[in-house]
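Look for subunit A in each of the two complexes below; its partner is subunit B in the first and subunit C in the second.
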Partner chain A sequence: MNSFNSNRLIDWALKLYVLLSFGFIFAPIAASFVFSFNVDRFPSLPLGGFSMIWYEAVWADPLIWEGLRNTLIAGVVVSALATAIGFGAAYTDFRYKFFGKSVYMALALLPPTIPVVILGLAMLAFLSNISLSGAIYSVIIAHVVMCAPFAMAICRLRLSQMDPSLEAAAWNLGASEWMAMRHVIIPFCKPAIFAALFITMAVSFDEFAVAWFVSGLNETLPVKVLGFLQGQVSPRINVIGTFVFIASMTLVVLAQILLMRRSGTPATTSAAAPADIGVVTP
Partner chain B sequence: MRKSITFYGLTFSLPMLVWQALFFLAPLLFLIALSFWSVRNFRMEPDFNPDNWTRMLGRAVFWQAYLRTFLLSASAAVITSILAFPCAYAIAFKLSETARRWAIFLMVIPFFTSYLVRVYSWQIFLSDNGIFNALFAQVGIGPFGMLNSSFGVMIGYLTLSFPLVVLLQLFSLVFVDKTLIEAAHNLHCGRLRTVFEVIVPSAKVGLVIAALFCFILTFGDFVSPLYLGGGDPPTLSILITDTTKSGQQWPRAAVIALTMIATLLAVAFAAVSFAYRERGR
Partner chain C sequence: MTDQALVVFDGVAKRFGNFVAVEKLNLEIRKGEFLAIMGSSGCGKTTTLRMLAGLEAPSEGEIRLDGKRINDLPTWNRDTPMVWQSLALFPFLTVRENVEFSLRMRGADKAARRRRVDKWLERMQITEFADRNVAHLSGGQRQRVALARSLVTEPQILLLDEPLSALDAHLKVRMQSVLSNLQRELGITFVYVTHSQSEAFSMADRVVIMSRGRIEQIGNPQEIYRAPRTKFVAEFLGSSNIFAGEVSNVSEAAVKISTPAGEFDVVPNAAKPLSKGNKATFVVSDDRLHLSNRPPEDRLNRLQASVVGEEFVGATAVIHLEGAERIEIKVQKSHDELEQLNLEPGAQVWVSWRPDATHILPGE
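== the complex of A and B ==
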């Protein structure tokens, strides 16, 4: 674009800076992975010997299995509910104009902008007041609130790539609204729906703050990690961290590939999910 | 587009409305009521008692925490914006189309991967016997106490917000009118001057929104100040977790939470009106 006025030195410095930025972002993830195989209890350089003892310790810990079970239950239910709700809201925004729509959209997109401690406190107080706190379904209720906006943003972006007259064409050819939804809209949105399932599962999988407030004794895996952090140093966190990183990275990468493949504008589509929320803040 | 309310339309629009009204809006509104409740014999009772407000807002500890939190988040917003800008700039203008896609692809990943474990991992780098001090010892300097300091908190805040700020900045930079930049070059405008007088003003809205998001994220974060900053003196979010988890003083925690929401609304309003203000006024 501005090649006639580019300085190679500056260009290389800037590219190096991008690499350094990625180094900063991925250093903790890499460190967690490396130190999970380190035999020493207190992490330092030079590394101690290679060992699987922390993996064995985690494997043998029933509390961790219990946390993992809670996390998986919550993750699966949350992703299904949040995606269904989010898709509905995206379709509503795509198709209908109605009085109070901006309020509707604000309600649909605002939750990620509220700090998690405040959300956690509000949820805990509210849910325990109606006797719904301290169980896995409390975590599910709270996580759906937090995840539905992501699902909605992803589905909405996909819908915005669809020609609205496609649906109208289906009606003109005699399809009912339900049939048009079943045979036109949902097939078109399929990659986005799966991406939303994966992303919301990743969000639920990693969420620790609100879950910590509302889960009571039914702690999810990230809440267990929070408990470990408050206790003594333990390389077991690195083991769980490695597992958590691999799980959520896989989900996010799958989601991104789905969104990239069939849409006209690759990568930006999925990346716009957090950005899209920024657009509607007051 | 038909406008009448149908069963079909409600099937898709109602779930979001009902769920968020019931489990998002109602809890937040309940927080307001809760802040006026009173606590007797370790039990909360519905009440209309302004005592929590006067007592919390009358405490020096509260205002110290407030000031500290505000300053930390404001610094984070400035520092993250400054550090993220060259990165976003380079991705937007210096990378090929394919490389840019990859960069965005990689930037999205950390947003959805456990922040908690990444903060723990930073402890490995920053602690007194950690990786950084081991490296410093190789060149004969240090050790530096990086953990339990504002520096540690800032590293955590960067971990939390850097990728998002880069992405938000990037999306505003991509939409900068390229012909404006070429015009500046043709008029012999220097490189830095082009950045500050052409690119930054055209991307201003996005840059301010990015800084605002950094402020919002860090203002409510309790993990970095606690596990990288040592938690003492506390920030508002630490006060909330402590007050909530240490018994039935939820009404007071609600007061802190509502003060935070009011602050965030004020900051968001100020930032947005600054972002959309006409230039040169």
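== the complex of A and C ==
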């Protein structure tokens, strides 16, 4: 009986630990969420009463709408471009052996390891040198560089679960290389491609530092938020924070669902996906 | 079966960097035959098959299909479908869509596709699973889907790369009979790559044994079993005792070969004329050796050996013995016969065999 009791103790301790970790992570977000509905000007307890005034204020602010528009345009274009590039890089890695491949792979995975301030500064210097800075497409270029490695990692993982003879089997059954790509490789990678679209969109959506450097007057939403904070502390920040959080989480959760779904692959291979992706999600 | 060649390998070699996978291969595959290519892993059998399928390009030589050079024909234009070791079924497609795949890639119209697919689903007895995902089928059912998928274009040749290796023993035997019946009924050429002697010998009309990128022997199963050409083949088949030595005397009826284990009478082999002083190797199958505790008759080949141990095989047992000069000998006997003898490890016994139970290896 003794061992039974001590096991239960460890069990409870671990549960508590997990609970505390989640509390630590989510408490500030929850606070922001709660205060976004609070009528008071400053976030303090006790709460002053439920109100939608800050939501109305945000709704009425054309600057925020402009930031949101920029964020959405950048997010959609970035996710499409980064996923296309990431998938191409992952397929190259899967299909070909060539001289300098390890260098190619290292370079392809490098961007997320560079501190964002350095990346942002470098992007600004480079883009202004070729007169591409200060516009929405500057943000897009910078974000594609940052996001493509995530897309590649996701597609690569999926390709590693593929029976290596699958593509050759398609050729052998009369499919040319392009047809095999269209009818075998892409359908097989479909869940990973959608997951990559969502994840890269989420990364672009709430990326701040690099966008701050390169966006100029075409600020994205996170950059606008900093502008607010510098001027005044307004509960409108809580409203935007809540919105950005819900949008990003929706995208990440969608990606996780896609990656966790079996989608017809042997059960043994799909288990590895969610854990590994967890590492790369922002 | 006709003797007309469907496929000709003419001096075909395949190198991967410095590694020679296949060396100057000359092989004719006849129309309508069941040919097995057998060998241990890395012997070049799969590379040979992949070159025929168009998945590897030969480094040298020419491959002809129906008299036409196909070296540079991409695999998708060949119609040399292959059944893969992993089966390589498309996991995101249903059974029907898998079978339909090659017709769709070749642009067959919808009605024709449906007719052809229905026919092959029926024929492979998988109609009831047509709309199921292939991941939800058993091993035997998946095998049938793979066969239907390859045969749906009704090709003149089917390539099989160890397709039964993942099945359990019982299912394997059942699929073997499915395959040989199918081949007989369709009358098309099957080229079957395997490392399993029982698969090759039970199904094939002719067997090719390969080793280190070269053909060691081609022949029908009985021929190969009774008259291996080289030491490699004899060892690969695994049931032979091999003796190597020098010819000490030649007469009409018998050749005397002197080996480290003793001097033995051997029947001459027309394929290997020998004269005194030649090196020669002969084999005796393990079921043709006799054991006794008393010395056998003089006219028999005989030697004394000590018992190393006994290996239980099922209905029979294999006794491992060691003769003079540490020569290894194995003898296969029924349990009844063995009970009559003293076979304690270390015991001395007489091993004997008739001269006509021997076979001189012509390739050594």
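What we mean here is this: the second predicted complex is superposed on the first by the 255 of 282 C-alpha atoms of A that agree within 3 Å, B and C clash if a C-alpha of one lies under 4 Å from a C-alpha of the other, contacts with A are read in each partner's own complex, and residues count from 1 in each chain.
Throughout what follows, a contact is a pair of C-beta atoms (placed from the backbone, for glycine too) under 8 Å apart; a residue touches a chain by one contact, two chains touch by 3 or more.
Model, not experiment: these values are computed from the prediction.
Undergrad: Consider subunit A as the common anchor and indicate whether subunit B and subunit C clash or fit when overlaid.
TA: Superposition check on subunit A shows subunit B and subunit C fit without a clash.
Undergrad: Quick one: is A:Gly67 in contact with subunit B, with subunit C, with both, or with neither? Answer first, second, both or neither.
TA: Touch partners of A:Gly67: none, neither subunit B nor subunit C.
Undergrad: Between subunit B (first) and subunit C (second), which, if any, makes contact with A:Tyr17: first, second, both or neither?
TA: After superposition on chain A, A:Tyr17 lies in contact with subunit B alone.
Undergrad: Could you work out the angle between subunit B and subunit C as seen from subunit A, using CA centres and rounding to the nearest 10 degrees?
TA: So the C-alpha centres give an angle of 100 degrees.
Undergrad: With both structures superposed, pick whichever of subunit B and subunit C touches the larger number of subunit A residues.
TA: B
Undergrad: Looking at the overlay, does A:Gly241 come into contact with subunit B only (first), subunit C only (second), both, or neither?
TA: Touch status of A:Gly241: first partner only.
Undergrad: Could you look at A:Pro115 and tell me whether it touches subunit B, subunit C, both or neither (first, second, both, neither)?
TA: Touch partner of A:Pro115: subunit B, not subunit C.
Undergrad: Please work out whether A:Gly75 is in contact with subunit B alone, subunit C alone, both, or neither, and reply first, second, both or neither.
TA: neither
Undergrad: Enter the shortest inter-chain Cα distance between subunit B and subunit C once the structures share a common frame, rounded to whole Å.
TA: The answer for the closest subunit B-subunit C C-alpha pair is 8 Å.
Undergrad: Across the two complexes, find the residues of subunit A that touch subunit B and also touch subunit C.
TA: Residues 266, which sit in both footprints.
Undergrad: Going by the contact rule at the top, pick out the subunit A residues touching subunit C in the complex.
TA: Residues 163, 165-166, 168-176, 179, 183-184, 187-188, 190, 263-266.
Undergrad: Under the touch definition given earlier, write down the residues of subunit A that touch subunit B in their complex.
TA: 1-2, 4-5, 7, 10-11, 14-15, 17-18, 21-22, 24-29, 31-32, 35, 42-46, 84-89, 91-92, 95-98, 104, 107-108, 110-111, 113-127, 129, 141-142, 144-145, 148, 152, 177-178, 181, 199, 202-203, 206, 208-209, 213, 222, 225-226, 229, 237-238, 240-241, 244-245, 248-249, 251-253, 256, 260, 266-268, 270-275, 278, 281-282
Undergrad: Mind listing the subunit C positions that touch subunit A in their complex?
TA: Interface residues on subunit C, with respect to subunit A: 53-55, 74-77, 79-82, 84-86, 88, 90-93, 101-102, 104-106, 133-135, 149-150, 153.
Undergrad: Quick check on the complex: what are the subunit B residues that touch subunit A?
TA: 1, 3, 6, 8-9, 11-17, 19-21, 23-28, 30-31, 34, 84, 86-87, 89-91, 93-95, 100-122, 124-125, 127, 129-131, 134-135, 158-159, 162-164, 166-168, 171, 178, 181-182, 185, 191, 209-210, 212-213, 216-217, 219-223, 227, 237, 240-241, 244, 250, 253-254, 257, 260-261, 264, 268-269, 272
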